[in-house]
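Listed after this line are the structures, all set down as structure tokens.
Next, two complexes with subunit A in common: one pairs it with subunit B, the other with subunit C.
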Partner chain A sequence: MKAVYINSVGSISSQKTFDNSSFLDEIISYDDNIILAVDPNYKDYISPANSRRMAKGVKMGVVASKIALNEANLDTVDAIITGTGMGCLKDSKKFLSAIIDNDEQFLTPTSFIQSTHNTVGGQIALGLQCKGYNFTYVHASISFESAVLDAKLMLENNEANTVLVGGVDEIEDYTCSLHKLVNHIKKEKVNSTDLLYSKTEGAVFSEGANFFVLSNLKQDSSYAQIVAISTYNTLKTNITDVANTFLKENNLNIEAIDLLVLGNNGDVTYDRFYNELSSGIFENTQQVYYKHLCGEFNTASSFGVWLASKILKTQKLPEAVKLNDIQGSNYKTILLYNQYRGENHSFTLLRRC
Partner chain B sequence: MSKGIAITGMGIISSIGNNVEENYRSLIEGKTGISRISKIKTLHKDHIMVGEIAFTNQELEQQIGLTPDNNYSRTALLGVTAAKQAIQNAGISNINKYKTGLISATSVGGMDKTEAYYHDYFENKATQKYIAGHHAGDSTQKIAEQLGIEQSLVTTISTACSSAANAIMLGARLIKSGQLDRVIVGGSDCLSKFTINGFKTLMILSDTYNTPFDENRKGLNLGEAAAFLVLESDKVVQTESKTVLAYVKGYGNANDAYHQTASSENGDGATLAMQKALKVAELSSSDIDYINAHGTATGNNDLSEGQAILRVFDKGVPDFSSTKAYTGHTLAAAGAIEAVYSVLALQNNVVYPNLNFKTQMKEFSMTPQLELKEKELHTVLSNSLGFGGNCSTIIFSKKQ
Partner chain C sequence: MDDLKQELKENIVEQLNLEDIAVEDIDDNDMLFGDGLGLDSIDALELIVMLDKNYGIKLTDPKEGRAIFESIDVMAKYIFENRTK
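Take a look at the complex of A and B:
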């Protein structure tokens, strides 16, 4: 079985992450319950004609993938695998509201065409003229992890040598108003630095796109090796048992983990899964979190992988992401854990290469 | 030879039957499930025809044994119904005895509830339970719960009309690589105003019975359905002395990279998908005995797919037919529906007739199978092609 590497990254988030030469040098702090991604100059990457047709999610996906391809010095890839929890919300909403408000009359197909979950994957393929394998995963908070798992399977078995993998989700007003009704979005505005101390229900919603070129061929620019990834629809027992089993399957003990990257989103009901690990078996491990920087969305964990990749490559750890006081220096092995509302848990194991 | 992955169980609910036996009977009797729409109030009711499942949501809820406070979309109800049949058919009593995953496919997800309660959500608290059920992964989570699959690999694919074929493909790869011992794969999609109006604006909905591969085809009929297959490793098959229904022998996925919704005239994507599937199966095109075509009966699909078939089967096109005239186009579920039909074809050695065909297409001379044909079948190739250029092919075989 071949090893799988992260050869490049491309990130669009509510931080200025689209420039690969910097690494959270300046942190944008928010005081809100819904935050948006910082736009790169889309015109640098997409023609104005194409850009006009694309909703923000598609634009973010296409541009993040181009940033990743540029860094890997590739024109195309063997496969494109996308994860998106909610899909193309803006165009779905546009078409749905037109159906309802106009009683199924006077409709145009444009927003319907752009509304399918695989629009981002399809548009990337179209732009690259990439006729290879093309999948889109849409399973809530493991949409991105499913894409990585699939890519890893392909690369390990030499079904492909380069795979573009990414997670993308966009903010849309109507959907947010529904999520506010059921308290999935926090009622109150929260300052980024206070996120984990809010003691209230719900999360701060956001959007973003994080794309990566994965390959079974290491290159000078490689960030990390993806050692293992596992997803779990539910928990039978508790997350500690699952973590222990995952480490054992990879012949590792807790001491081998140099850094734990957690997906805490400040939801008083569900952060207990993270807290169980951070104050339990990983109590003596250095820990970081990131959703105060990028917000919560179904593929926010792809920002976590971006963060871990940057830490492994630069061996620098931004002050703003520190969750505990333990100081590390030589970052070799990073474990990531994420879940959303108690379901769809995932562990990802990265190693310095 | 490349080894196939064993299929040990199947379940299905569609407009031509509520289980595998009923579906098969309709197929061989040439009985269509296409009718006027009755369960969705739509302005287009007199101008479209659909493949609608007879059961109401309440009836499905009762059959599954759900309490009234459930928040199941129709996609979830259909999916659970078909997946439970598949488990039963595979004779599985203890689902967690082996490392078992679930891969489902959907395009509509919980859209039926969102469109029904679009404004009500803000006024009627009782409807708000459906909000969390909108996303595509929700029906899959519910199917996993109903099957008792815990702490496992459970995911959802949405690549438009090729989705379920891709679920089968991923499932086969996960078993091949040893990551899972058993995986339930398939898809579910219900009818919705969203898809009816979407395809209507694209002007590819027929106002009458759809006619695949006919020169005068007027477009597709939408359908609703769910189907699931149980794939098991050789180890499980041997240990449990399982009856194998057929094998997933080959699979191929490619992108047409031509247009967001239309297929290229030469069918590049479909050609590549079929070629890749043959390569994985280590078969040549002459080994294929029957093609269950995607054949949606739109002008674009049947021409593009037809050209692709001619390119791949340049030494002679085997018997082929589309079963869309029976079920309508069941979108993300189609690949699983037609996988069940392909396995039934292998088991019973029959080629289903392509209903409603009258006039030969002028672009090529190949004609679909028009009568029920009995012949020994060894391999069946099934195509699923979708928006976003997604093209998928699965090859099923009698022998491993």
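Take a look at the complex of A and C:
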């Protein structure tokens, strides 16, 4: 079986992450319950003729993938695998609204074509003229992990040498209003730095796209090796047992983990899963979190993988992500854990190249 | 007729999201497809729906659109002669 490497990254988030030459040098702090991605100049990457039908989610996905491909010096890849929890919400809403507003008549094709979950993967493939394997996983908050797992299996078995993998989700106003009604979005505005002190239900919602070129060919510029990834829809036991089993399967003990990357989102009901690990078996492990920077969305964990990849490559840990006071300096093995509302848990293990 | 042409230009720019094209940039005789505005087959479907919704004109044969959508001038003339609302 071949090893799988992260050879390049491309990120669009509510931080200025689209420039790969910097790494969270400047932190944008928010005081809100919904935060939007910082837009790069999309016209630098997509012609007006091609972008005029693209909603923000598609633009973010296409541009993040171009950033990753540019960094990997690739014109195309063997496969494109995308993860999205909610797909192209803006065009879905536009199309469905038109059905209601026009009494099921006068339906135009553009928003329908652009509303499917695989629009992002399709547009990336069209741009690259890539006719290889193209798949989109829509598995709620393990959509991105499912995409990575598929790519990992392909690369390990040498069915492909380069795979573009990414997670993308966009904010849409009406969907957000529904999430607010059921307290999935916090009622009050929360300052980024105070997110984990929040004592209320719900999360700060956001959007973004994080794409990676994965390969079974290591380069000098590779970010990390993806050692293992596991997903769990629901837990049959506590998260501590699941973490121990995951480590055991990978012949690791807790001391082997140099850094734990947690997906805490400040939801008073569900952060207990993270707290169980951070104050339990990983009490003496250095820990970081990131959803105060990028917000919560179904594929927010792809930002976590972006963060961990950057840490492994640069060996720098931005002050803004530190969760505890334990100091580390030599980051070799990073474990990521994420879950959303008590379901769709995932562990991802990255190792320095 | 001039008002109709202006209305058509505004609707085309807005509904087809022609980001880099202003209403003033479109001449009455500019080709809408091909070398002109560069509209494509998806835009043609959008225009067929627009004719139905705004002017009550149903194009039963999409091939008719090729001639009707030649330019703003041709389109306005066709709408003027066939509109039901």
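Everything that follows uses one rule, which is that the second predicted complex is superposed on the first by the 353 of 353 C-alpha atoms of A that agree within 3 Å, B and C clash if a C-alpha of one lies under 4 Å from a C-alpha of the other, contacts with A are read in each partner's own complex, and residues count from 1 in each chain.
By our rule, contacts are C-beta pairs under 8 Å (C-beta built on N, C-alpha and C of every residue); 3 or more make two chains touch, one makes a residue touch a chain.
Just so you know, these numbers come straight off a predicted model, no measurement behind them.
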{"item": "Partner chain(s) touched by A:Leu235 [first = subunit B, second = subunit C, both, neither]", "value": "first"}
{"item": "Dominant toucher of subunit A (residue count), subunit B or subunit C", "value": "B"}
{"item": "Which superposed partner A:Thr108 touches (first subunit B, second subunit C, both, neither)", "value": "both"}
{"item": "Which of subunit B and subunit C A:Lys131 touches, first, second, both or neither", "value": "first"}
{"item": "First (subunit B), second (subunit C), both or neither touched by A:Ile28", "value": "neither"}
{"item": "Which superposed partner A:Ser51 touches (first subunit B, second subunit C, both, neither)", "value": "second"}
{"item": "Touched partner set for A:Gly121, first subunit B, second subunit C, both or neither", "value": "first"}
{"item": "Touching partner for A:Ile100 - first (subunit B), second (subunit C), both, neither", "value": "first"}
{"item": "Overlapping contact positions on subunit A, where the subunit C interface meets the subunit B interface", "value": "105, 107-109, 113"}
{"item": "Subunit A to subunit C touching residues, read off their complex", "value": "48-49, 51-53, 102, 105-110, 113"}
{"item": "Touching residues on subunit C, where the partner in the complex is subunit A", "value": "15-20, 38, 42, 45-46, 49, 52-53"}
{"item": "Touching residues (chain side subunit A, partner subunit B) in the complex", "value": "80, 85-87, 92, 95-97, 99-100, 103-105, 107-109, 112-119, 121-123, 125-126, 128-140, 142-143, 146, 149-150, 153, 156-157, 175, 177-179, 181-182, 184, 230-237, 242, 298, 343-344"}
{"item": "Footprint of subunit A on subunit B - complex, ascending", "value": "42-44, 102, 106-107, 109, 111, 114-115, 118-119, 121-122, 128, 131-132, 134-138, 140-141, 144-145, 149-160, 166, 170, 173-174, 177, 179, 193-194, 197-198, 200-202, 253-261, 268-269, 272, 386-390"}
